[in-house]
Amino acid sequence: MMIRFGVLGAGRIGKVHARIIAASGKAKVAYLADAMPKAAADLAAEVGATVASVEDIIKAKDVDAILIATPTGTHADLIEAASNAGKPALCEKPVSLSVERIVSCLKTVDKNKSVLMIGFNRRFDPNFAALEQRIRKGDIGEVELVTIISRDPAPPPADYVKGSGGLYRDMMIHDFDMARFLVGEEFVTVHALGASLVDKAIGAAGDVDTASVQMQTASGKIAVITNSRRATYGYDQRMEVHGSKGMLRAGNVHNTTVELANGHGFLGDPVLNFFTERYGQAYANEVNTFIAAIADGKSPRPNGFDGLQAQKLADAATESWQSGKVVKVQ
Amino acid sequence: MMIRFGVLGAGRIGKVHARIIAASGKAKVAYLADAMPKAAADLAAEVGATVASVEDIIKAKDVDAILIATPTGTHADLIEAASNAGKPALCEKPVSLSVERIVSCLKTVDKNKSVLMIGFNRRFDPNFAALEQRIRKGDIGEVELVTIISRDPAPPPADYVKGSGGLYRDMMIHDFDMARFLVGEEFVTVHALGASLVDKAIGAAGDVDTASVQMQTASGKIAVITNSRRATYGYDQRMEVHGSKGMLRAGNVHNTTVELANGHGFLGDPVLNFFTERYGQAYANEVNTFIAAIADGKSPRPNGFDGLQAQKLADAATESWQSGKVVKVQ
Amino acid sequence: MMIRFGVLGAGRIGKVHARIIAASGKAKVAYLADAMPKAAADLAAEVGATVASVEDIIKAKDVDAILIATPTGTHADLIEAASNAGKPALCEKPVSLSVERIVSCLKTVDKNKSVLMIGFNRRFDPNFAALEQRIRKGDIGEVELVTIISRDPAPPPADYVKGSGGLYRDMMIHDFDMARFLVGEEFVTVHALGASLVDKAIGAAGDVDTASVQMQTASGKIAVITNSRRATYGYDQRMEVHGSKGMLRAGNVHNTTVELANGHGFLGDPVLNFFTERYGQAYANEVNTFIAAIADGKSPRPNGFDGLQAQKLADAATESWQSGKVVKVQ
Amino acid sequence: MMIRFGVLGAGRIGKVHARIIAASGKAKVAYLADAMPKAAADLAAEVGATVASVEDIIKAKDVDAILIATPTGTHADLIEAASNAGKPALCEKPVSLSVERIVSCLKTVDKNKSVLMIGFNRRFDPNFAALEQRIRKGDIGEVELVTIISRDPAPPPADYVKGSGGLYRDMMIHDFDMARFLVGEEFVTVHALGASLVDKAIGAAGDVDTASVQMQTASGKIAVITNSRRATYGYDQRMEVHGSKGMLRAGNVHNTTVELANGHGFLGDPVLNFFTERYGQAYANEVNTFIAAIADGKSPRPNGFDGLQAQKLADAATESWQSGKVVKVQ
C-alpha cells in the first residue's frame, strides 16, 4: 500500500522532497500546497499530485503523512496542526527560531503521541551515516574529540542573514546536530567566536560569516566546529572523530576522480558545489527513512527533541558570541 | 515531443536502459519485447510500456527509436532490421563476435544512412569523459602512453566464458574502445599475454582470466591494458594518460569517503562493487546522449565503426594470445 | 671559518642538536657540558668535542655560540649568561615557565643586543615552512581561520606532567607558536577546554590529556587548536589555513607509501611515530638557520619575543581551563 | 672493528656511496681512486680517505671491501680483480652490457667463492622493500600481475644514449630487476614496444624514449613495465602487484605534504625530482646491507646472478623492439 503524502511548500526544498517521494516506489505525493499558485501547480503536475490548501491537506482523510517545507516561521504551527490531525510529519529544520516555541510545540506532539521527524539531512549522508555507525559499532572505542568543518561556497546576501537568526542558528545548527549525533551525549558548555571577514555587510547586519565553537559534555568530551560562509574550492563538509582506539573521518566528495599532474603538481577537482548536489542522496535517504518508519509504526530520529537540543546549542553559541562569555546549557 | 522507444530485451541491461528512458523526461518506452513473457510484462508495467513482438516493434509507426539489449547473437540482425525500417538504434556492445558480420551489418547501416550508436558505456562515465575532454582541450599536450587497468570483482562461471568469445572479446573490448577513444588514433600492432590464474576451469574452457595487451599506433603511441577476473577490493577501473605536457588519470570510486586510522594504518573503503553501481551514471549519460542526438538529427559516437575497430583489436589480441606472436591490424 | 659551538646538555635533544652541528659542514661542537659525566663524555667522543663545565664554556674565548638543551628551569639563567658573555644562543623552548622570568631575561638580552633564537622546531619542518611561505606569498589571500591538530602517540607518565607546567604549556605551546606564525598577528582572546580522558592519573595530577583552545586576534582572525596525548596511528601533526582566496593544508608523513587493498578496503601506513623521526629534518633546518644567521650577523626568528608570546598564550589557556572563563591577553 | 673500504670512482654515484660509508659508523673509506685526480682528492679529503691507484687499492692488505663506481665498461674487469684478491665487492649496475662477459665474470666470482653484490638500489627503497616483504609475508596471496611505471623527469642528451646500450638496458634494467624481485620467478617471454616521442634526436641515435614491455613467467604470471624519458611532474616511480588475495602498491614521494585548494581544485606538490633525492635512503640502505652482510660473512642480494638475469631481459627487450617479434628467454 502506497503512503499518501501531503507536501506543504513547493520551493527548492519542497521540490527535492516531492520528487524523492514520487520516485520512492512506496509513497506518492497526493496533495501539494504553496502560497505561490504557479509553483504549486507546476510541481503538482510533475509528481502527479493535486493542488489543495494547507488546511484541506492536513485534514484530508486520504493523506497519511505531512511533509513540511514551508518558511521557518510556519513550522511549529504546521507541526501542531498535523499532530492534532493525528498525522506523522517530516519537517524541515528548524522547528522554530524560538526555543520556547519549540518546547510548546513538542508538548502538543507528546500529548498526541504523534510522529515528528526533523530534517537534519546530514545524518543521512552515506558518508556521515557510515561514520556514525562505525562509532556505535566500537571501531574507535570511546569518543573523545570531534572536529567538524563546514564552509559554504559563497555568502548569502546580507538581506537574507537578517531574518535567518544568524550563522549559529542558520548554518551551524546542522553541525550542532551532527556533534550530538556523533558524540552521543549532550553538551553543557559552549563558547563561540565569530567575525565578519568575508562580507562587511554581513557584519553590518549584525551577523558573522566566520565562526568557531567549542563545546564540552559533562563527561569531558569535546567538539570543535568551524564555519565559513566562503570556500573557493566548493562546499566543504568534513568531520573527524577521535577516540580511545582510533580515529574516523569523512572527507569531501570531489566533482570527478580526475587528476592532472604537471610542473605545478598534482591537481584534483574542486568538491561538489552546494547542498543540493552534495546532499542529494542524503535527502533521499532521509525521506525514505521517514517512509519506512511510518510504514512500520516506528518513531524515526532525528525527532523533535533533537531539534530542540540543536536549537539550544545555537542559542547558546549566539549568546556566547554576543557576550564574549562561556555559556552553560542545561 | 517525447521520443518513443521500442526496447528489445528486458534482461539486466534492458532494465537499466528502460528505466533511464522512463526517467529521462524526453523519451518514453512505448513498447518492449523479451523472449521471456514475464520479464517483458514486469518491466513493461514498471515503465508504462506495452509488450509486443520484436517484429511489430521494429515496424511500428509510433516507435521513433530502437534500443537493442538482446543476446549478442541477435544484435547484427536487429540493427539491420531497425536500419531497414529507418529507425535509429542504440545497440549494446558488441555488434557481433564476427568482424565479417559487423562489416556486412555496417554496410546496411551505411546504405540506409541510419543512425547507429554502440553501447560502450565507459565513454560516458563522468570521470573518464572528463579525462578525455581534457586531453582534447590540450591539458597534457600530445598523448604518448596510455595505461588502462580493469579488474572484475569475481570471475564468471566457466560455462559463461565458453560462449563469450573469450576475455579479450568479452571483457577487454571495453578497454580497446577506451584506448582508441583516449589516444585518438588507430592501433596497428597488438601483442597479448594471458593466463588462467584465478580459476583453472576458465583455462580448461579455453579462456584466460588474467591478461595484458600492449598496442602501438603508426605514429608510435603506446597503450597498455591489464585485466583480471578477480579483485578482492571491488570493481577496479582506472586509466592514466601520459603526454608531452603532463599526465591525466582517473581513479576508482570508493563506497564512502570514510577513513579509519589506528595501529594498522589508515583504512579507506573498498571501491564500488560492480558495473551497475560503478557505471549507473554512465549508462544514463549514454542513453541521454543518444536521445539528444536523434532529437537533433545528429550521429552520436561511439558508432558502428567504433564497434568494428574495437572488435578487430579484440580479435587480434585473441589471435596473439593463441599464437604467441605479434599481430598486425589494418 | 667554522663556527665553534658550546653545547649545554647531552640529553635526547642535546644529542640531536650536537649531531646536526657536527654534520653541518659550517660549524663544530667545540665544548660540551652535562650534569651526567658519562653522557657528556660519550657525546663529546662522538662529535669530536671537549667536555667542560657550563661556566667555562660560556666564557671560553674559542666558543662562538651557545646551544642550550638543559632542563627548562635553567634556560633563563643560561640565556642571560650567554648574553652577558656576548654570545649568540639557540635555546630549546621554553625560556621559562614564568612569563615574569621571561620578561626579565629578555631585558638582559635586549640590553646586550645579543642574538637569541628559541627552538620552536616546527617552524622549520619542510611541510609547515612551505605552507607558511605560500601564505606570505599570497596563495590564499587574507588568513581567516587556522586549524591545528596535534596528537602525541601516547601519554607521558603522570609523574612527568606534574613538573611540566601542564599540557597547554608543555605540549600546546608549539601550536600557539605555529598559530602566531601562520596568522601573523597576536591573539587577544583565549578560551580553553580540557579533560582527562586518556589517563585518569593525569587528571589526578592536576592536568588534562585532551584539550582544545580557540583564540581570536583583534582583527577577528580565528585559530582553533586541538590536542590529545593519545593517537593509535602515530604522531598526528596537521594544520590547515583558510583564507579569502583558498585553503592551504599540510598533512602527516606516513611510514611508507605502500597501500594494501583487499576486502577490508585500502590500507595505508600509520604516520611517523614521534618527534625525533617526524621532526628530524626540522631540527636540522632550525640549527642550520641559526648557524647561517650568526654567520651573517642577523637575528633569526623565532626569537625571545616569540617565546614570550607563546608562553602568554599557554598561561592564558591554562587560566581559562582552570577558571572556565574566557581570558584576554594583552 | 671498522670495515675498510676501497672506493673506485669519485663521480656522482661514487660520492653518494663514499659519504654513506663514512656516515655508517661501521665502516670507513680507507682508499679512493678516480681517473680525475682532483675529483679523487676532493672526495678523499671530505671522507678522510687516502688517494691511491685502482691496482694498489685492490691488492692493499688494509682494504676489506671494494666499492665499484667506475664507468660501466670497467665493471667486469674490476669485479674479477677484486674477486681474485679475495675481496667482497659492491658494484654499480650493470656488470657489463654483454651477457657473455657477465657470464665469464661470474665464473671467476664463483670459482673464488667471493662475495659480489650488484647495486640495484631500488630494492632498498623503504617503500619498495616494504612492499616486497609484505608479498613474501603473504599479504596478497599468489602474485598474478605486476605493473611498474618509471618515468625520468627529462631525457638525457642524445649523445649519452649512444653509449648507454639503449633505454631497455640503461633505464628499464632497474624495472626488470624489480619485476623479478617482486614476482620471485624468472620471465621466459618478452615483448617490447618503443618509440621516440620525446626527442627525435634519441630516435636518430637508434634508441627510444617511450617504451613498454610485457613479460610472462612459465607459470603464467605477467609483468608490464612502461618507461618514459619525460615526466613534467618529477621522477615518477610506482609499482603495483596484484595477487590472489589483494593488491599492494607503492606510490611516489612528493616534495611536501602541502596542498592548496581553490577554484582550480586541490593542488599537491610535484614528486621528488630525480634519483639522488628519491633514492637517497635506498643507496644508504643498500650500502649498509652490504656492510652488514660482509661483517656477518653472508652473501647479500642482489648478486651477480640477479645482474645477469636483468641483463638477459634487457637484451631480450631490445631484440624484441628491433625485430618486432616476441623473444623467448632461457
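Structure notes:
Each chain carries a letter (A, B, C and D) given by its place in the written order, and its residues are counted from 1.
Everything below uses one rule, namely that contacts are C-beta pairs under 8 Å (C-beta built on N, C-alpha and C of every residue); 3 or more make two chains touch, one makes a residue touch a chain.
Just so it is clear, the structure is predicted and the values come from calculations on it, not from any experiment.
In terms of C-beta pairs in contact, C-D outnumbers the other of A-D and C-D. The most distant chain from chain B, with centres taken as the mean of CA atoms, is C. Centres computed as Cα averages put chain C at a distance of 40 Å from chain D. The mean-CA centres of chain A and chain D are about 58 angstrom from one another, to the nearest whole unit. Within chain C, the positions touching two or more other chains are listed as 232-233, 245-247, 261-263. Contact residues of chain C toward chain B in the complex are 232-233, 254, 261-270. Residues 126-127, 130-131, 134, 139-140, 245-253, 255-263 of chain C are the ones touching chain D in the complex.
If you check the complex, the residues on chain D that touch chain B are 142, 144-145, 147, 149, 151, 189, 191, 193, 195-198, 210-212, 214-216, 219-222, 224, 226, 228, 230-233, 236, 242, 244-247, 324-326.
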